[in-house]
């Protein structure tokens, strides 16, 4: 049975996921039985009562009791399924009071998360295991949807107001987060990673942003940060002009700004562009880049600068 | 003296073919463009919606081809980029819904067959019928212009605030949908008036064929739901032009309000799509089982019940959209009510086949395919109606598979079955039975290959409308794409042999299948005003008891 | 043809009386708007009931629904019933919608406080 | 939308009557009796009126939701509408409804002259209504009370929060609903004029007055919609 469930459904990351899967499997087997009954009857009748010329068929017009039976029985069955679904759904709808509140701000094709202590991350969340975590979400532009398949949890993110979703992770490791409400060109790229740590790792990650950057050379870590923090959606590395200037071959050159002045692209310039992007705007671009202050740890900034240097 | 009907063997009640029929009564393009004959308008609709189905189908094949591999490469080159992909799936949705599936059965088959089944000379308002067709053409032209000018990339649902802020030509497409809405309203209005006032003498409400009941129930939805779509499209267009703050939160609107407006029409719209399909199946099953329909009143009432209950459940499209919890629970409960009439219909069709004398010509093959596929479609609807499973499954490929099983496995299969069933009556020619069965098998196999896999894609957690997908989904997508080729092949073969049958001389008898409804009384193809003299109903519908053949 | 006039004089009189009734009701509803019935909602309810009475008068007498085939009456009523369904369910959603609020209103996004009520209440949960 | 209503009226000349010895030139071939044709037209018209009710209904629902979203702004915006003008318009439309129904009665009783007079009075009332509407609209234009981003009126108590201007939304709905209603009045005037011309030619009599009856139904519906618009806009204080 478990094998069959694992084919059809993602791994279970929380207790709620277990309950949803139980109802799903019940409905699956119920549908299988009903389908075999209906389909089997149709095919059996088609074969059993196949055409022989001249045979007269009985004149049966209706049977009221039968009509009542196959109206009331499905109604009762539907009632059971409805209350079962409602019972599980109540757990999804009401967040426990003591859950940690993480604020999500979704924007076109990027997730940003803010922890209770104010630290912010992009496209990556770490949460402690076996502790309820509640997400209060809003969007800066269009509809998005916070969907964590492993936790069987999903909720639309509506601009102009807040929506909420919660779960209690019970399985360590990485879980895939993805956007499930159509939001345009980068809809399918709008993914994030939910990492469930035990308590100490989580605490350490919160302060230092984790230490897995140590086992990568800076430029490789920079390249990963470019993907993870969503720089890729605006800055290209092959020279094509995106919503932001390309990174190809800019290190060490003079770049002209909107106000006519031009600056040497060096470490200081790149760091300033990341933390106060609106200070200097490259000619021909608008000031739409959000500040990555608090989003990029020192090792991330060093990694990105090292990576940009490699782009000739 | 009306030729009484006998049954048992096909090719009964043959009479010499009249020289003049509705096709050659008057000739020339102008006679077709200004016709008010419901049969000609039905044929024009059939050609129009089939071409829309072809265009929508091409977009579907392109969507499946793009998703063949996560890198979207074909022979080493990326087929289309994310933006084009969004426009392609939007146009696939918009064309299939607004231009094909809503006008298809009511516009083409019902237009042709309804007056014949009622023993009437024409629909109640013939000129309005032609106006409805020309409104469809205007809407289609506007939609094509919108496609060329800047194809819409919002999804066929036009959700705001994306649809109010995107640069693609949403304005033109919303006007096209507005006009197509009126085409649908006038068809529905016409049929309600026809059913009320133009029944043959002696034909009470419970002597009418079940196809008429299904079309009547659909007409109720068309008349009562489509105006709200009209006003929604106008509000969306005005919001884009004058920046009125109704749906866009940047200017004080509420996106969930748009979803209420949109789904108040669009859920009844899915019953505009499926109820006519069920109506056709309620005709095919008894005819090819040569047995009286089981539970006539149950099927008739369930059509009307579906139409009315369809107006109470639209919120189940918005369980995770930010709707209030109370509304979500109420909508979920009501959604389960809607499942009952569909079940009743399925069981009654099976009871009709019980102890029948079933011959498996192509229409019946499509009939049984409908029973199998609609059963899967309906049952998977239960997954989406239950609150907790819907959280995981909504907005994933599970929903895509569900509505394709109900819309394509249901309405399109029934539509093709209906086209075959009435092909001799419409064109006066029989299609090739051998090719019919080949086509049906390919369509059935291809359809299941394409969409059964998508249930698993969805339950595994792949969201819909995705261009890039995770590596792990690639095998399922590839299988689904191969299935779409088999499905496409099946449909092409079907179109080919149907058109090929037009080259043959008119060889169809009046009543090739031994049907007992009134359209089989007149010649194939019928004369211009349907019946020599007004047919009088002599027996209840689907009465297959043997009767002594009255001498003419 | 269907309701051939038995007596046009009597029918004209009925129409006149209906017109007078409508004008009187218009006066009443204008007057009623100056009186304050409890909350604002009560005023709306009063105004709409008077409007519904006027609408039924127009429908029954001016639009001949009284002596007409019942099917026309059913169609007329159906239009309003389905409009009522649409309004009822949408109001059900709008009135009972929970608006979760973050513990602090971050500067990043300040959406208009929902339904322009007073600023963020304490973020307790039901 | 106007083309549809015209279509509903059967062209009096009817198309080719095959030789079934019809008593009336307007009798269409696919109907057995004139009564059946008349009843069918009535059903068709009432169905069309139901779609109109639902079309305007969508706007009323939108208005209701926005009222719940911006209660204070809507209450304050109501003050900008002049109540006496609204009341006058209501009276004008009610009178026009009465003249319309008297017109239908006179058509049914073969009084050609009275029919034309009543129709002309109805058209005059409609023009008065549009005139009052024109005056109100110009007043709004002067004060800048316009829909969406054209709203340039100052001195509102509640400021715009994040682009959400309740007043602009109110006037958006005001112009949409009264504008759509105004378009229906214009279409009504065109239909009334068409019926008056044909009535003058004496085409309507006690056995064939369907077009007059259907235009009458349409006109009463337009009045009925104003009966609901009037309190919702002018009387909420």
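Which chain is which? They are A, B, C and D, in the order written, and residues in each are numbered from 1.
We take it that a residue touches a chain if its C-beta (ideal position, glycine included) is under 8 Å from a C-beta of that chain, and two chains touch if they have at least 3 such contacts.
This structure is a prediction, so every number in the text was calculated from the model and none was measured.
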Pair joined by more contacting C-beta pairs (C-D or A-C): C-D
Chain centre separation in whole Å, for chain D relative to chain A (CA means): 50
Cα-centroid distance, chain C relative to chain D, in whole angstrom: 18
Distance from chain C to chain A - Cα centre to Cα centre, in angstrom: 43
Whole-Å gap between the CA centroids of chain B and chain C: 36
Where chain D touches two or more other chains, by residue: 39, 43, 47, 50-51, 54, 57-58, 61, 65, 69-70, 162, 164, 166
For chain C, residues that touch 2 or more chains besides their own: 71, 78-79, 82, 86, 90, 94-95, 111-112
Interface hub residues of chain A, defined as touching at least two other chains: 159-161, 163
Listing of all chain pairs that touch each other, if any do: A-B, A-C, B-C, B-D, C-D
Residues of chain A touching chain C in the complex: 94-95, 97, 101, 103, 105, 114, 116, 136, 138, 140, 159-164
Sites on chain D touched by chain B in the complex: 1, 3-4, 7-8, 15, 29-31, 36, 39-40, 43-44, 47-48, 50-52, 54-55, 57-59, 61-62, 65-66, 69-70, 147-150, 162-166, 168-169, 172, 176
Sites on chain C touched by chain B in the complex: 71, 78-79, 82, 85-86, 89-90, 92-98, 111-112
Residues of chain A defined as touching chain B within the complex: 7-10, 19-20, 23-24, 27, 30-31, 34-35, 38-39, 41-43, 45-46, 49-63, 66-67, 70-71, 74-75, 78-79, 81-82, 84-89, 92-93, 141-143, 145, 147, 149-150, 152-156, 158-161, 163, 176, 178-189
Partner chain D, residues of chain C touching it in the complex: 1-2, 4-5, 8, 11-12, 15-16, 18-19, 22-23, 26, 29-30, 32-34, 40, 43-44, 47-48, 50-51, 54-55, 58-59, 61-63, 68-69, 71-72, 75-76, 78-80, 82-83, 86-87, 90-91, 94-95, 110-113, 115-116
